[in-house]
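Taking it in order: structure first as structure tokens, then the write-up.
Chain nomenclature is as follows: A, B, C and D, assigned in order of appearance, with residue numbering initiated at 1 for each chain independently.
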Amino acid sequence: MLNPRKSVMGKNRLEAFSDGVLAIIITIMVLELKVPHEPDLSRLAGLWPVFLSYILSFVYVGIYWNNHHHMFHVTQQVGGAVLWANLHLLFWLSLFPFVTGWMGENHFAPVPTALYGVVLFMAALAYAILQRIIIAGQGPGSLLAAAIGKDYKGKASPVLYAIGVPCAFMAWWLAAGLYVLVALMWLVPDRRIERALADGKSPEA
Amino acid sequence: MLNPRKSVMGKNRLEAFSDGVLAIIITIMVLELKVPHEPDLSRLAGLWPVFLSYILSFVYVGIYWNNHHHMFHVTQQVGGAVLWANLHLLFWLSLFPFVTGWMGENHFAPVPTALYGVVLFMAALAYAILQRIIIAGQGPGSLLAAAIGKDYKGKASPVLYAIGVPCAFMAWWLAAGLYVLVALMWLVPDRRIERALADGKSPEA
Amino acid sequence: MLNPRKSVMGKNRLEAFSDGVLAIIITIMVLELKVPHEPDLSRLAGLWPVFLSYILSFVYVGIYWNNHHHMFHVTQQVGGAVLWANLHLLFWLSLFPFVTGWMGENHFAPVPTALYGVVLFMAALAYAILQRIIIAGQGPGSLLAAAIGKDYKGKASPVLYAIGVPCAFMAWWLAAGLYVLVALMWLVPDRRIERALADGKSPEA
Amino acid sequence: MLNPRKSVMGKNRLEAFSDGVLAIIITIMVLELKVPHEPDLSRLAGLWPVFLSYILSFVYVGIYWNNHHHMFHVTQQVGGAVLWANLHLLFWLSLFPFVTGWMGENHFAPVPTALYGVVLFMAALAYAILQRIIIAGQGPGSLLAAAIGKDYKGKASPVLYAIGVPCAFMAWWLAAGLYVLVALMWLVPDRRIERALADGKSPEA
């Protein structure tokens, strides 16, 4: 029912706005790396937990940007539900700087490490909701549905985060290890969409 | 009188600049969520008012982005008056991080909660002015005027904010409730523009 | 000598990058409005000098964005010199948050108010250099040269800033008044480029 | 093997995202210029080391933006490896505000000045990796490989940074001098790509 030109334009602005928010999130996280007042190596060494959590979050935002980019490449219809589901995803991602700083500054203490997992879980949920709404809008023969297939990674991630949260109260490295594991799992590039496209089902065709 | 190509380009840069400013506003608000130095749940719990006001403001910026996006979709002429009316709107929106932080940090105390309402009111006013200038530029048969119709929501919002401001001095939840009410009212997607477009009045046609 | 397609692309990225930097400058200035810890009106009232300087700088960044937008609309060639002249302009504009905060926090004290004028002066100079480089690249019959004409405003502004700097040591309102005067002068939209375009000399033609 | 339309779109969003991150990096660095509470010239003078390191880093981010812009102009294929190599580059550049602030605030003390060089070195390495991945994807007859030629500057830069790091422990001006030298070397615009394009090998052809 939507004017196709409208949808295309809507998608462009949605992508531009999301790119802007993700670019800001990934960059302001570095502000949690507070500049020490002394020029000593020991002061720098004390920043390692903050730095490690910064790297982890940087990689996560990178993964979300990558997947978001692939998902919207095979999306044409952008209605009101997609706009709000996308803002819902950006909301949880916007909490990354806060939980990253809290976890790092407190050297992976139980509560902050668990909260980090909760935010990862909620972001994964928000991504799944957004994906489902796009697929529902595309109807049967959805290119996105075909591209993601069984979506093993998408289903395993929230489960692993949910396991990680209670682990944070037992051993910090167990929870952190799970978060790193999921990140590594996604770092393997998602060839499904590229393959679906290479098979000739161009979204513009 | 304006060169149509010029207007189209002007619109693109105006949209890109507005997207940038809105993306930054929505993201730097999270910096008011100051990372606590202790890893306790109690410290986190103390952040609830700040977090609640962050959610409310996040939703409001999302609503403005959504409406801005729809409004400029049915806008072709972008002259100097539109550029400045748009900057005027962005000015009031740029005060959101300040009033959000002040209201949240002071647990919805009367003065900050009233000031939050004042900024909401001024932003709504600025939006109405921008809308009126665009419609005036489109002349009779304005697509935007047809799309917004009677504009009940646009007229009711500033009235409700204006009621909310004095309420803040009686009971904080009354004022906050009004602000939430208006947000919910707008969360219902504005189908008028989509419908006007679906009726075949494509802005590009 | 440049490939025309290259130039067009370069211009788009230059505009996008400049829009991004200007959007961030205009928005992070609000961070200088430090959220007071007390919910009193008196605390808010104490922020008036910071707020006034924020408004002035917001208007100035808006003016630069507007003029930048018009200038690049009639620019096709974007070589290395233009890229660096543009970065030079962005450098001086990036100091706005610093001088705005310093002037506001110190209630328009002589040194900060003078420094504010110095940065305004340097930004105006950088803008003039950028404009000259673009005109030189366009050669005789330059559309930009025709559009700006005698450029009275562009020539008067740095002179008025230069007068404002020593005034700051005599009376703060004299300097601030001059800065406001120049801003008002530019707020009158620059119809020259729009008129030149309306005369049929479309830059794309 | 990639759908060409897909690649083109991927490149646009990669450029837009990189522009966003670079625009934010270049602008938030100015936040390290902490606004002094006193309106004295002496307080301003005390900021000179911070200001000098801000200028140096501003120029470096400008150089990276420039080179990135030229490199992607002659790039068509944007696969997963390029996306991640680009994020890797952005990661090291995102540390600029931190090391700039640390070096400046400590008046070019040995450890911060050395760390600044380490980050410059890693960014140069990340840029080289990204360049190599793009060239590998383009195969023999790569336009980028032809454009960069022997790449003397690209090879000399990391060597000079590596010399600068130990120099920081001997004399700060020796290390800083080397960093400035490399920046000046790059400020000379990279005409190779422009020349290759002017020779008629348009990337779109």
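Keep this in mind: contacts are C-beta pairs under 8 Å (C-beta built on N, C-alpha and C of every residue); 3 or more make two chains touch, one makes a residue touch a chain.
Remember, predicted model here, so these are calculated numbers, not experimental data.
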Open item on the list: Angle of the rotation mapping chain C onto its copy chain D, from a C-alpha fit, rounded to a multiple of 5 degrees, please.
Closed with: 90
TODO: Since chain B and chain C are copies that touch, just let me know if over half of their interface numbering is common to both, same, or not, different.
DONE: different
- [ ] With chain centres taken as the means of their Cα atoms, state the distance from chain A to chain B in Å.
- [x] 26
Open item on the list: What's the distance between the Cα centroids of chain A and chain C, rounded to whole Å?
Closed with: 36
- [ ] Please list all residues of chain B that touch 2 or more other chains.
- [x] 16, 20, 23-24, 28, 31
Open item on the list: Can you tell me which positions in chain C touch chain D when the two form their complex?
Closed with: 1-3, 5-6, 9-10, 13, 16-17, 20-21, 23-25, 28, 31-32, 79-81, 83-84, 87, 90-91, 94-95, 97-98, 101-102, 105-106, 109-112, 115
Open item on the list: Under the stated contact criterion, what part of chain A meets chain D in this complex?
Closed with: 15-16, 19-20, 22-24, 26-28, 30-31, 33, 35-41, 44, 55, 58, 62, 65-66, 69, 73, 187, 189-191, 194, 197-198, 202, 204
